[in-house]
Amino acid sequence: MMDWLWTIPALPFAGFLILALFGKQLSRKVVAWTGSLSTGLSALITIIVGISFLTNPPGGHVFKQILWSWIEVGSFSPEITLYLDSLSLVFMFVITFVGFLIHLYSTGFMVEEEGYARFFSYMNLFVGSMLLLVMAGNLVFLYLGWEAVGLCSYLLIGFWYKNPDNGYAARKAFIVTRIGDTLMAIGLFLLFDQFGTLQIQEILTRFPAEVAEGSPFAVATAIMLLGGAVGKSAQLPLQVWLPDAMAGPSPVSALIHAATMVTAGVYLIARTFVIFQMAPVAQTIVAIVGAVTLLLAGFSALTQRDIKRVLAYSTISQIGYMFLALGVGAWSAAVFHFMTHAFFKALLFLGAGVVIMHLHHEHNMFKMGGLRKSMPFTFWVFLIGSASLAALPLITAGFYSKDIILWYAWAAEGSHELFWLAGILGSLLTAVYTSRMVFITFFGEIKTEPHGKTALSIKIPLIVLAVLSLIGGFINFPGNFGDMQWLSGFLANNLPEAHAAVHDKGIETLFQVISAVLVLLGIYLAYLLYLKRNVDEQFSKKGIYHYWFSGWGFDYVYEVLVIKPVVWLSKIDEHDFIEYFYTGIARFHMFWHVLFSKLQTGKIRWYAMGIATGAIVAIIVLVFS
Amino acid sequence: MINISLETGLLLAGILFFMGFLGVMVRRNVIFMLMSVEVMLNAAGIAFVMAGSHWHQPDGQVMFIFILTMAAAEVSVGLAILLQLHKHYKSLDADAANKMKG
Amino acid sequence: MVLVWLIVILMGAGLLAWMAGRYNAMWPRFIALVALLVGFFMSIGLWITGTPTIEAGNGGEWIQHFQSDWIPRFGIQFHLAMDGLSLMLVILTMFLGLIAVLASWKEITHRTGFFHFNLLWVLAGITGVFLAMDLFLFYFFWEVMLIPMYFLIGIWGHEKRIDASYKFFIFTQAGGLLMFISILALYFIHGDATGNYTYNYLVIAENFPGTRAAPWIMAGFLIAFLIKLPAVPVHSWLPAAHTQAPTAGSVILAGLLLKTGAYGLFRFIIPLFPEASEAFAPAAMILGIIGIMYGAKLAYAQTDLKRLVAYTSISHMGFILIGIYSFNSLAFQGAFMQVIAHGISTGALFMIAGAIQDRLHTRDLNKMGGLWSIAPRMGGVTLVFVLASLGLPGMGNFVAEFMTLVGAFQVYPVYTIIAAMGLIVYAIYALYIMQKVFFGRKPEAVKMKDFSVREMIMGLSMAAIIIWLGFFPNNVLRTSQPTIDKMQENIREYRQTKELGGIKAFKPDHESEAGIQLTKKSE
Amino acid sequence: MTVIFYIAAAVAIITTGLALTRAHAVHALLYLIISLLGVSVVFFVSGAPFIAALEVIIYAGAIMVLFLFVIMMLSVGKANIEQEKIWIKPRTWVGPGIFSLILLVLFILLVSGFSDTPINSAIIAPKQVGISLFSKYLLGVEISAVLLMAGIIGAYHIGRGRGKVKHRFMEESQ
């Protein structure tokens, strides 16, 4: 069954090709079928391959499929290799499965849009590219997927191309992530320079032997890779693109900007974990980036008025948790949180999409309200997603994944108490802003009356995701719940296990209680602040609130420091100053031309005088000097 | 037969040459300019002949014959142009024809 | 003999087209199309039949070789030879020639006969440049490609065509004459030293001593090639010429003429002057980086679509400079790949720009926008090439740029990092094109037709090739590998002799008249 | 004989000077003929009788007569002579005169000290000239022939002067 591995990315690509080339000619029904079926089949094969991987693991828990030799020049010989291990399998499962659900949702959601085929072709392209990213066996191939998902993100953010703002957001997303990508490319140059290969596994095995721990090379490489990860995963300082990326349709936000693409950075760091292990400084930086990002984004999420922007900042914040986990060495915890986050965040985005759709494309939460009664189905699934995001204890998937991260933030070797503090503060914030969002949208008085009915193709994915948001956490219980850490165990085949410095189950339980209390406290706080009193109205224009609202002013700073100078620089020299040099040469000769043509009077006697003068000068110079 | 030096001969040639040159520069009438040119050519011929006599070689005289030929050709063309000039401008003023185009 | 035919067919068809154009405007188009198709399939055939030679060859075995006397008195021969490098470039020439003919099918209605004559002769000149192994013959073809191009710009160009054509002519001619001086210098220095006065490149390359004049001789070649490439301080002719030329002219200029400069660097500069090249390398790196950054910056500032694309060419050519002067085979291959990939991607962009201008009668980006809604096919094709231009993986340009950078990084890490920053700037201008032309709001007055079948065939075939290059670059790389290896070998040899303290000595070589020195050496 | 040389030379110089200052073209021409005759005498005494003869026959005879014909064709009238007098006012002579004088002085300086030995003017016979002309300078003779031919054709073509077109490259501008 493993030999079918190549069909997993190939199916979405085939779907993309069909839709891109013949999309115009096909009916909407065929388009919808092609789009979702290709992803669905891919998901099915993933599951089959996964089962066969689990039941009959290949040697070393690694399966490789070499398709063809890509580039071959001397020692530089990246191949098109698919690489399957536990890490990529988890990612593949989420990508194809959640991807399929979102495709299914889109068949109903996008039904009234023009460019139906275009949408599905881009989506299929995205799924295929994302699969390449996580299945790539060497870094160049990974980079291919990495850039291709960026492209799809660009295309889908700007899907409604007629509005220039969407185009701007799309370009911003692409260019900001491209900065990270370029840093990552430099990391690849460094690695190739050192090892003469870009095979991931070869680098990982040779790295500890050939590079000293903490050496400048290791740190530089790790930082460069981190740069790529930070760009893609919208972490500090390159997080500015993600809130604007909400200009795309909701399924896009769900698939690309919540569930899969933005977690590519997590995947990259987990994939190249050895490099980070060998560069402790860089790993600490990863943790710091994660901790700071999760707090900053949390505060920003607290003040947003656009429901999708709340979710966007929350995504940034949740990925911050994953980075924190990576930074403290809890590799599998990051992957676990990635998985549950994919479920509940996709659910939230899709739910928000339903709300937006039924309210005539209204994004502003303060014009919603009271939807609990008019849209009960949406309310309930949204509530489940929110509970999971807020990590409501015991019954939600978010609780389990976040709990492990918080525990290792405290207990892991080389961690710091501040990381835990940031995490716990973040979980309070998460509870507050999530509840705020739910309260404002679904409770209170009705401000806009929804219209239309929700199609079945939209409901099914929501139900499935809601279920997964609840039970998705049960595959990995915390250590003090008994020895039931199946996901970590599975990942341990390919990722090192986290080393806890503290092994006291009592303390672990204590911390769980603390965070549970804080979550409940956060919900109550939100109830007081946003349902009982309308705090937003009072603060909306003031000081720090405004500062948070604009994402801590990063956009403004970049505008002043980067964009304005670049635009200014290019506009002042639009006509190329070198051109003036050549024009100058031409002018110079023109000047002498005009001058000398004055001498050309046409009078023969004048010329004779000229000859006389010339003769005098010539004789004096040549003979008498 | 005579007792003069080459210098003297060349002096004669030089005087005539520069008189001719002066004529070219001063006169505006094309006929006179052509005449002046003839004088200059003739002076050059004198120089050749004198030099030939000095060294007892016929080459100087041969050169004179060439100059003569050239002068004849030049005068015939020059006078033809002069006629056209006169027809065109109704004048023999060399400065009238200063446009450098037909 | 096939090589001669390649050139003769083009030249002959050119004359025929000129004559036929007096009777019917359609005939020249068909004549040109047929001639180029024949040339194209001939060169593809050479590729297929030549592949065993290439793969068996251990460096420098010719696929095809033709040599006969031309002006024996001065040691000038009609000497053509084809290795993997020139083979790929000839195929590119024929392919882009086809594109150029198809692109001007509807655009050129005025004096089609003379137009196609010029077009075919430019192509013949370019083919000749890629094949010539006699320096004099090389110079001859160098001029052959220049003059018809001057006419193409000057007669069928846009509003400022006269200025542009003068500028093009003066710049390239100045370079050409400097090169000719260098060729003469090589001829005489080599002749004086060995007694064998010949223009045969292979003989000279074999025996040319490291004289003190070498840097100056190299400078002559180098300036000619840098102008053609173009590198930044001497790029000024390019935006004008590309902008004003008709579509076919722009396609050929960007796709092929610039590549003759790169080819010259590969073929002449590095093998003939290893020492001087090595001394020049840091400067070349800086020139390359300036080209990349400055070209991209200027591209972003433009509002004229064709001018924008023209500046992107300058920018991409910077990578070639960096690749060639890194002196390792990875970077060499990267630069070579850039030659091919950029030829196709920029050729396509000019084809599209020409199609837009033909429809809207403007190149001003501010008068466009939202064209996707009325021309999705055109938009899709454009998207592919815009992405290729920004170096998206999966396209040939990415392979080229990535290989160049990886190769260069091993030698000049700092420069390479700066050059890599160019990739960010590429994204800025490339997406700017898409946004300005196809996205955003469509002005009410703008109406135009989508791509026709003919244009779709062109667009899709080029898109297919660029993606094929992105995923299967090995086919191309394998073909050029022996030549690159040979270059690499030369450099290694030179470095060894230098380390031993010796200068490459004169070899009074009497056998070298045969001219197939490289083959002999490889045995 | 030396005296004859000096006299002839003086005559030549003086008549040339007169020729170039006349306002009336025919007068000038006549002075010029006398000057040429003087030069012819100079040739004769300095041992070149053949050249002296040619000078008289071709220069003073043929070429000057050609001038005369043209002057007659143009029928120079009184108005032209008045115009000519205005053109040759003394003031116009100053600048060119200085130039010519400087050049003459330079020339004299160049020539002086060249050779003091008298010309031993043994006669160089026409035979010698002829032999030299048709052996050593045969190519020159050929070229001269071509030149004369060109002169004839050119003179005919230019002088023909019918219609507006003087030459196919020189179309009338108006």
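Each chain gets a letter, A, B, C and D, in the order it is written, and its residues are counted from 1.
Methods note: a contact is a pair of C-beta atoms (placed from the backbone, for glycine too) under 8 Å apart; a residue touches a chain by one contact, two chains touch by 3 or more.
Because the structure is a prediction, the values reported are computed rather than measured.
K.L.:
Tell me which has more C-beta contacts between its two chains, A-D or A-C.
P.N.:
Top pair by contacting C-beta pairs is A-C.
K.L.:
Find me the chain with the mean Cα position closest to the mean of all the protein Cα atoms on display.
P.N.:
That would be chain C.
K.L.:
Measuring centre to centre with CA averages, how many angstrom lie between chain A and chain D?
P.N.:
98
K.L.:
At what distance in angstrom does the C-alpha mean of chain C lie from that of chain A?
P.N.:
Their C-alpha centroids are separated by 38 Å.
K.L.:
If you average the CA atoms of chain B and of chain C, how many Å lie between those two points?
P.N.:
Once rounded, the distance between the two centres reads 60 Å.
K.L.:
Using mean C-alpha positions as chain centres, tell me how far chain C is from chain D in Å, no decimals.
P.N.:
Spacing between the chain centres: roughly 64 Å.
K.L.:
Quick check on chain D: which residues sit in contact with 2+ other chains?
P.N.:
Correct list: 95-96, 99-100, 103.
K.L.:
Which residues of chain C are in contact with two or more other chains?
P.N.:
Answer for chain C, listing residues that touch two or more other chains: there are none.
K.L.:
Among the residues of chain A, which are close enough to touch at least two other chains?
P.N.:
609, 612, in rising order.
K.L.:
Dump the list of chain pairs that touch, please.
P.N.:
According to the stated criterion, the contacting chain pairs are A-B, A-C, A-D, B-D.
K.L.:
Please give the residue numbers of chain B that touch chain D in the complex, ascending.
P.N.:
Residue list for chain B touching chain D: 1-7, 9-12, 14-23, 25-29, 31-32, 34-36, 38-39, 42, 45-46, 49-50, 52-54, 56-62, 64-66, 68-77, 79-84, 86-87, 92, 101-102.
K.L.:
Help me check something: in the complex, which residues belonging to chain B touch chain A?
P.N.:
21, 24-28, 33, 94-95, 97-100
K.L.:
Note which residues of chain A are touching chain D in the complex, please.
P.N.:
609, 612-613, 615-616, 619-620, 623-624
K.L.:
Touching chain A in the complex: which residues of chain D?
P.N.:
Those residues of chain D that touch chain A are 95-96, 99-100, 102-103, 106, 109-110.
K.L.:
What does chain D use to touch chain B in their complex?
P.N.:
It is residues 1-2, 4-5, 9, 12-13, 16-17, 19-20, 25, 28-29, 32, 35-36, 39, 42-43, 45-48, 50-51, 54-55, 58-59, 62-63, 66-67, 70-71, 73-74, 80, 84, 87-88, 92-93, 95-97, 99-101, 103-104, 107-108, 111-124, 128-129, 131-133, 136-137, 140, 144, 147-148, 150-152, 154-156, 158-159, 161, 166-167, 169-173 of chain D that touch chain B.
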